[in-house]
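One structure is given below, encoded as structure tokens.
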Amino acid sequence: MSVTDKHPQDLQLFLDKLGTRLQKTPQKGSVADYIPELARVDPDQFALSICFNDGRQFSTGNSTTKFSIQSISKVFTLAIALGRLGDKLWQRVRKEPSGNPFNSIIQLETEQGIPRNPFINAGAIVTTDSILSGSTPKEALAEILMFVRAAASDDDIYINEAVAKSENQTGHRNYSLAHFMKSMGNIENDCDCTLGTYFHQCAIEMSCEQLARAGRFLSGGTDKHHMIDKQRVRSINSLMMTCGHYDGSGEFAYRVGIPGKSGVGGGILAIVPNQASIAVWSPGLDSCGNSLLGTQALEDLSTHYNWSVFGSPA
Amino acid sequence: MSVTDKHPQDLQLFLDKLGTRLQKTPQKGSVADYIPELARVDPDQFALSICFNDGRQFSTGNSTTKFSIQSISKVFTLAIALGRLGDKLWQRVRKEPSGNPFNSIIQLETEQGIPRNPFINAGAIVTTDSILSGSTPKEALAEILMFVRAAASDDDIYINEAVAKSENQTGHRNYSLAHFMKSMGNIENDCDCTLGTYFHQCAIEMSCEQLARAGRFLSGGTDKHHMIDKQRVRSINSLMMTCGHYDGSGEFAYRVGIPGKSGVGGGILAIVPNQASIAVWSPGLDSCGNSLLGTQALEDLSTHYNWSVFGSPA
Amino acid sequence: MSVTDKHPQDLQLFLDKLGTRLQKTPQKGSVADYIPELARVDPDQFALSICFNDGRQFSTGNSTTKFSIQSISKVFTLAIALGRLGDKLWQRVRKEPSGNPFNSIIQLETEQGIPRNPFINAGAIVTTDSILSGSTPKEALAEILMFVRAAASDDDIYINEAVAKSENQTGHRNYSLAHFMKSMGNIENDCDCTLGTYFHQCAIEMSCEQLARAGRFLSGGTDKHHMIDKQRVRSINSLMMTCGHYDGSGEFAYRVGIPGKSGVGGGILAIVPNQASIAVWSPGLDSCGNSLLGTQALEDLSTHYNWSVFGSPA
Amino acid sequence: MSVTDKHPQDLQLFLDKLGTRLQKTPQKGSVADYIPELARVDPDQFALSICFNDGRQFSTGNSTTKFSIQSISKVFTLAIALGRLGDKLWQRVRKEPSGNPFNSIIQLETEQGIPRNPFINAGAIVTTDSILSGSTPKEALAEILMFVRAAASDDDIYINEAVAKSENQTGHRNYSLAHFMKSMGNIENDCDCTLGTYFHQCAIEMSCEQLARAGRFLSGGTDKHHMIDKQRVRSINSLMMTCGHYDGSGEFAYRVGIPGKSGVGGGILAIVPNQASIAVWSPGLDSCGNSLLGTQALEDLSTHYNWSVFGSPA
């Protein structure tokens, strides 16, 4: 951060060059095609925004274009669930990387319906189900949206109903996961209610500028301390590090070295602990379902500014 | 570290109290029983040593008692293999958490004989095999021992032949892993040679004081920069974070928040990036094969001094 | 059969003794408890009926008491589906034993949503789905019921709506299987329609006397040749042999030596090829979900009369 | 059989036509390539021999050419093991189809080192290990060879040492299976001894004429009753039906309808209970490792003569 304190123009220049360079990359990955609404997104878009804890924000590319945050929403629902249930949540979902694709059902059968972590689909469905108990889906969604808006200090954040509906109609794999866990006693509400809420939370749309601001409750942003118990910041960041990129989490930690959570909409929220929150977006995905250029951008940025939590090569 | 700069006596006092308190814990876990030589170790031992990058070292408990470092040796062989092969190593072993026990063979079958990471047994056997190519087992072991001694700046480090022999006689699971990978073309040397080398590297004995010093090449110890390419420090630390505790890696990251690698001898090497190297030892293991009290000690220490890489709750 | 030709009274005596002896067995297995309506059945019931191809029928125990045929219905829907689709059915379901419990979902994920055989739940749901295409659930159920009644030459066979409803409410595991296959493109109809039909077919109630008669289209009963293509008799019997008792199919073939299909209601339909159809019922199940006393009865009977297809010890 | 009683020349004609027709088939499958000695076999060979219980034998093709019986040897070792241990054998190996390839190791891990059946590699290794206890490998092999020669009433049957040696050098997958089971306590002897015996038993060479004669102890050949307890005939035939063709067992039962056991040398031993023993050989294999033309020949033969145990379509 000291670098940016002294030379903010350098950072802006670095970001612009980075964006320009990456947009020229021929291999941009594949846009998620299993949700029709997402499949229509122009793959040639790129945006990145960094929000430092002191409030300064730097952006490049289509940084005010809204995109579907998809699984990045799991970070917010996890924060809400931990705030409400505390460690009781861990009776229903574990904290371990899965070693399997994001929508795998195998471990649910061999591990009694307890998902491996809150960032794979099964675990996120359980997390949403835990928030839903005692509320209607509408109330739960209002709470989630309120949390995200407060985190971003921006009320101009909405759910895209068309995307939510599209996911519901094609979400048979998620229905399969939910009913499986219901059969094992790990879903409390009606599967339709839980999944309806889940599909809507995934359909929240934000721009990179909004998402970067919304991540400051995890980077230690000074005006966001009220949003979450201080100890939970570490908890969530650690889970983003070990489980935030599905079966590509080890690779992300190795290359980028900071906690992050991806979504199949092509967004990634990454946290430089104690310093900054970063949002990046490029719709093309790698084979694990993580943004291909987004990961590359974060690796270049983290390497250049020595942001890896795993040591600076001095 | 600033704390210890000002009040080193406070850290010593904290360590002594921590050791005394943990040794009174009734639940100390179970000593590894599948290697007869290890099963005989007195479970009531505890030691911890911290070595800061500036050279100051603080210890408590049986910190000069030698123990079998077992899988902690995988950190050193990974460093050697990366130094020798560079990124070519990753053609033979991946960087992802496994979601399975340390000695599982299932993923080898479903993933064509490529182990998930260098810290589960299969991956460590491949790593050792890669070092062995072009050398005799004796030469490879001499190189490993030389590396460890140089890292610790201490030549009084040896292999316990009785333990190595004991592991060889009872190591049928490791033989199974090696032959499986050989059948898939991922072991270059004779299985007996590779495993002989592997069992010997695991039988290296060190005290906590020695091990803490030996870890400084990963914490950025000033006189250890020559041992490893600077970028590799981050690589190894990231793998220790995501994969260092087998199927308890997510839990360790969540609770302790710094990279670490455990061994079934009851030792853990943990790294506070840019600051310090920590060795802890207590023979009782949890269900994942990680030292029960060792993990607790690291959690208490990391929490007290705000060493988590995932953010300080300021 | 020659034995019974000469001494029919001997067979009746043998059956009565067998029933009396088995009902005294202290270990009767556990009544299926996951469907509330089935959990209420009195576990101390036993019935057996044999119907020879020439029409003579011998019974013992509660042989006119109706019970829920459950998975035995899969034999009838398979016959209908083969009659309608022929070998095209095998593009959607295989013919191999699964090596997994009846409701396992693991192989669906590793084998692209194609179930192993038509007698595990996933495969039976696909089979029902194939019958349903082009019909309403009501029409499909009418066809299934018509087939069963024609096979049994008895119109007094009905679906128990309370059981069907009970299964629907608690059938989350089957919903999970269906949605999983739908996500892989292997369910053509709406999951709710397919499962509604499936739960109703499982809720058909028959007595042992009715079921034994209904099985004669597979034993070669002289007046049942019109019901099914002759080659299909062998096909279905072979599948009953290799896959008819879930993960206990090998054991059943080993002990009893004739094709059979069990249901969690405690019934088993067994076929002595070219000779007779046998129905047995006792609600207590073994760990694989097959009737404990029913299997024992069939083993004793088959051994006594040398009905094993695997050779007579002459 | 009545057909052949009256018109033996018809059967001979049928066999000759069958052989001629199949040898013209363009798709003959792939010769096993993982054992160098087997890979060299000319794929264009075909032989078939039928031996009726009354002693008459009919053959076609290269019926006196010797081939490597490979896994067909498992039938003979199972017979020996059952004769020696009786049902105690089933404490170490089960009777269920595996639902996995012949050399899979996955179920060994999830099922505590107990193989699914005696006809997959792991189960056959355990079976051989049980025979070996109390004997040297040389003695055990002598016993196996003596049993096979007695069954065939032919002493001109030998082990091909070059094949045995070739399998030993390339048999890492089998070493992996054996060491895995040893680590779980399910191999009593030294792995090298057990596997040495196993590789040699697989390297027995027989012609189709010899093998057909050797199978008569399972078809009820009149002069072979002394070789095995009568009840064991059924036991072994049932296992050949449910497990004799690895993960193609269901398909074989469906198409051919009689018990059979295949080997990767391209041979199949099939049993018409109470009637005849059939040996067929064609080196090309299907994707499950079973002889492609051999299976086709047995299907045509069984269909033509109505030998299916699952009912004759009258």
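By written order: A, B, C and D. Residues from 1 in each chain.
We adopt the following convention: a contact is a pair of C-beta atoms (placed from the backbone, for glycine too) under 8 Å apart; a residue touches a chain by one contact, two chains touch by 3 or more.
These numbers come from a predicted model, not from an experiment.
Asker: Look at all chain centres (mean of CA atoms) and spot the one farthest from the centre of chain A.
Answerer: Most remote chain from chain A, centroid-wise, comes out as D.
Asker: Taking each chain's centre as its mean C-alpha position, how far apart are chain A and chain B in Å?
Answerer: Each chain's C-alpha centroid was found; their separation is 31 Å.
Asker: Let me have the rounded angstrom distance from the C-alpha centre of chain A over to the C-alpha centre of chain C, please.
Answerer: The computed centroid separation for chain A versus chain C comes out at 48 Å.
Asker: Roughly how far is chain A from chain D, going centre to centre by Cα mean, in whole Å?
Answerer: Spacing between the chain centres: roughly 55 Å.
Asker: Taking each residue of chain B in turn, which ones touch at least two of the other chains?
Answerer: Chain B, residues with two or more chain partners: 110.
Asker: Hey, which chains are touching each other here?
Answerer: All chain pairs meeting the touch criterion are A-B, A-C, B-D, C-D.
Asker: Once bound in the complex, which stretches of chain C touch chain D?
Answerer: Those residues of chain C that touch chain D are 94-100, 107, 116-117, 218-220, 225, 230-231, 233-235, 237-239, 241-243, 247-251, 253-254, 257, 259, 271, 273-274, 308-314.
Asker: In their shared complex, at which residues does chain C touch chain A?
Answerer: 104-106, 108-110, 172-173, 175-180, 182-183, 191
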